[in-house]
């Protein structure tokens, strides 16, 4: 290994004495050597790599390779770092550094992590020296120039600029709409047809003189789904108090229990029927999944509830709950953001609020600025995504890749 | 009368289960050791769980509650041996008292925050637990924003921002690319709450529902598949490891 | 006619039980051809050189054991056959014992040594934070392996400083961990990633397959069976395809039959009127 | 006091959120070292959360027993299961818990022979309910649920060997459903859900969303 290196370095010294070696025909091999060999710290990184670039040479072909030599000092010892086919590794492979211009195919680009080649000696400030050579099989023709660079850490990753702009502007949008909703609490939210189904179901329960049942999901008070469920529960309880039917509420968590009791009580109060409120109708029936299923199923069959509402985040128990309810002939409305359970609610319930409709319904009912504002901000985000997708695809199909490039993530 | 019948069913099942196992031990299909005793216990628990299918019963409830307890106990112990011990006790607390090597003082901060978190269990100092929660939640929120924008927004719209037809694809592929684009846009419009779903928006959101329904159908099919696989696995355990009727 | 729809559900339960047991007892062969998403994982592992590092995350617990354990075992057989260095870990505390069992039992069949040919790191909490920590420095994330050995001394981890040096990561998931691994691991530290998951979440992962954020996907016992057939080692998952086929047909027959009865007996009209 | 109870946590959340969000754009090694340290701390703190979980479960069952809620007797078995497991875990096969975990102890035996079969079985019960719901409840009531059921049937057939035996087009159709309409809808859902998660994170950082503080002042 030492001998070829020695030979090579002598050869290099000989060649570098020759002022007209650039683009000259080298001995033995008829190769036009590339020009513009440069080394520089790779931008956008933590200081691990150095980038090398050089112009394409006319004599590149599939059987010609490039070799990069690396050394910690100007005069060697040189070490072969990389060897690769001469028609690979272009600047265009790294759009995060050079952009998307067409002429980038005219230059080669290689990113190299010099410290890897000197394990143990990890001097972060070290300057490294590079040399370039062309090779066909065993024959190696050095290009001659020695370039150097030091890898250093960068303070901003320009390739993530689009991400940063999106983050800052979306944050602005969210905060703006929340502030906006504080001033204008009647921000428009489209009619959620599932809420009409709720009224219909309650109406039927009243007609039949049988109770309605509200089933919470299994998550605690910390989850958005449960908070939305509580908002919807408030609305149902008020209607129930107006219609003068009985509402049973079941759940599995002590905090959700006390919040639900509070909400139902308040709704009865608002409807002017505080006397009709009975705390025993809001109960924690079981703490574990299957006992919960059994207890809720028991209530459905025993009390023959006429309307069942499943609201919140459900797991595998959803199927058994909704099936038992359907078997008793109740009208069922589900609202959940657990997408894996939605298919079962859709096929067993009369109406299902899917995913984000749950949040929208909750915002619509509670009129809380935080919910309304963020709903509106997310809508704006969706609208932007829709426009980008639509126009981006059309333009890309006609060969204009501007939008594609702007939204490209690295 | 009914109570009586259930009681005899229980006794009968237990007797049968006992008899099968005793005969297995007698004929030597099962050895008297912890491993084979474990198989009997596991089979017993599996069957107890399935007894729920006949009817909700005390044995099932006991088994489920016990399972919840064991799972919790296992999590606590594993968290100690795998997380708290190697991450905190060994590098910080042990060296602090033995001085065999220098303690990693930087670990004081998470330890203090961790102890603060446990203050949630006290009534007077519960507010201290808000500090570590704020740390965890704030950190989570901070790493979520840019990484989600990158991974779930930019990287997800990238495949759709391709030319629909640039010559390389077949017509079939181009149609699919267009359908995917239509699906994504229409589903996004379905979950758009700032305008009434009327006119062209209404039509597109209707298309969105159809896409959603087909995708829920796919989830439905896969869920049936998954649940059946679980049942098959357990049945295999009973037939193979316990009864030994399948090889 | 409508009485047919109101039969005791226990009769249906019995149908299912009989279908599963009988199809397990009867031996008949069914072909399990591999689909491209599963094949991609197989060929990626095939392409890795000896001694390459493969990280296998067992992010599930006993409730998904019957789907994911066969998958893990089939994968491990392939890895050990190819002499890859397997690094096992889990984000779910309940999965630790199952993961350890899978890693060590399959290893012993190939005479692989713990610490030299494979490592089991065990469980750590933190999920996203843990993944980022591993991406920055594997040894501060896991100072010790599951057995209490100092990870920095383990020969099996030689050449690995962080997730960047892992040649292939496979996450076997029963929850949302694949998304987490993609967002905080794969996209941040640029490694190749494949995934296996329970059937329930399988359809949710197709967007990531399309965006090449995972290069392959095995969903449910079917995915495991396909992998078994690729490795050429038919085991539990392949056996399970017989009852799987039979129960699917049974469920479909149930749906078609009951809907036919429902429509014939005028159920549709009642529903429409009820609306 | 309000400052300590409210101001400090809101400040911590804001500071952590902003630092971690902007850290993403700074590739410098100091920034990376900061990221590593913070995630390492977070991982350790997360380890303490298991005790909170344990406490709330115990508290729940303790309250059930105390109040003699329906079926309170079964709550004892949660304690039995947990204490036996924890006791064997701490005993660690005679080596005590401050040593490394021993393998093949009674603790592992309990896991393998109680937790694994119980956990694996409990969701397999759903297989039966799935079949019974297929028979008794899954109805093509509306056009939408008809589409859902038809897609489900094609996928169910296409994913098992039997499908290919019936018709070679069934697996192809199933693949198409998975790879085109399913993919599109799931991507739409994913985009929406991600925007929601990002918006929630922003609200947490700016102290608009304070659910994590728990109740009280």
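Each chain gets a letter, A, B, C and D, in the order it is written, and its residues are counted from 1.
One rule holds in what follows: a contact is a pair of C-beta atoms (placed from the backbone, for glycine too) under 8 Å apart; a residue touches a chain by one contact, two chains touch by 3 or more.
The shown structure was predicted, so the numbers you read here are calculated from the model rather than taken from an experiment.
Visitor: Per the definition of touch at the top, where is the C-beta contact count highest among chain pairs?
Guide: Comparing chain pairs, contacts are most numerous for B-D.
Visitor: Where the CA atoms of chain A average out and where those of chain C average out, how many Å apart are those spots?
Guide: One centre to the other, that is 22 Å.
Visitor: Centroid from C-alpha atoms only, then distance chain B to chain D, rounded to Å. What do you get?
Guide: Going by mean C-alpha positions, chain B sits 5 Å from chain D.
Visitor: Between chain C and chain D, what's the gap in Å when you average each chain's C-alpha atoms?
Guide: Inter-chain centre distance comes to 16 Å.
Visitor: Centroid of chain A to centroid of chain B, CA atoms only: how many Å?
Guide: Centre-to-centre distance between chain A and chain B: 21 Å.
Visitor: Where in chain D do residues touch at least two different other chains?
Guide: 21, 24-25, 32, 38-40, 42-44, 46-47, 49-50, 57, 71, 74-75, 100-101, 111-112, 115-120, 122-130, 132, 134, 136, 138-139, 141, 144-145, 148-149, 152-153, 156, 159-160, 178-179, 182-183, 186-187, 189-192, 195, 198, 200, 202, 212
Visitor: If a residue has to touch 2 or more other chains to count, which residues of chain A qualify?
Guide: 160, 163-164, 167, 170-171, 290-291, 339-340, 343-344, 346-347, 350, 355-356, 382, 385, in rising order.
Visitor: Note the residues in chain C that touch 2 or more other chains, in rising order.
Guide: Within chain C, residues 13, 16-17, 63-66, 93-94, 97, 124-125, 129, 132, 144, 146, 148, 200, 203-204, 207, 210, 222, 244, 247-248, 251 contact more than one other chain.
Visitor: Building nodes from the protein chains and edges from chain pairs that touch, which of line, ring, star, complete or other describes the result?
Guide: Its topology is that of a complete graph.
Visitor: Going by the contact rule set out above, which residues of chain D touch chain A in the complex?
Guide: Within the complex, chain D touches chain A at residues 21, 24-32, 57, 59-61, 63-64, 69-71, 74-75, 122-123, 125-126, 129-130, 132-133, 136-139, 141, 144-145, 148-149, 152, 189, 191-193, 195-196, 198-200, 202-203, 206, 208-209, 211-212.
Visitor: Which positions of chain A touch chain B when the two form their complex?
Guide: 160, 162-164, 166-167, 170-171, 188-192, 288, 290-291, 294, 339-340, 342-344, 346-347, 354-357, 360, 375-376, 379-380, 382-383, 385-386, 388-390, 392-393, 396-399, 403-404, 407-409
Visitor: Considering the complex alone, what residue numbers of chain B touch chain C?
Guide: 53-54, 71, 74-75, 78-79, 81-83, 86-87, 90-91, 139-140, 143-144, 147-148, 150-152, 155-156, 158-159, 180, 215, 218-219, 222-226, 228-236, 239, 245-246
Visitor: Residue numbers of chain D touching chain B in their complex, please.
Guide: 4-5, 8-21, 23-25, 37-55, 57, 71, 74-86, 89-90, 97-98, 100-101, 107, 109-128, 130, 134, 144-145, 147-156, 159-160, 176-192, 194-195, 197-198, 200-202, 204-205, 212-214, 216
Visitor: What part of chain C is in contact with chain A in the complex they form?
Guide: 200-201, 204, 274-275
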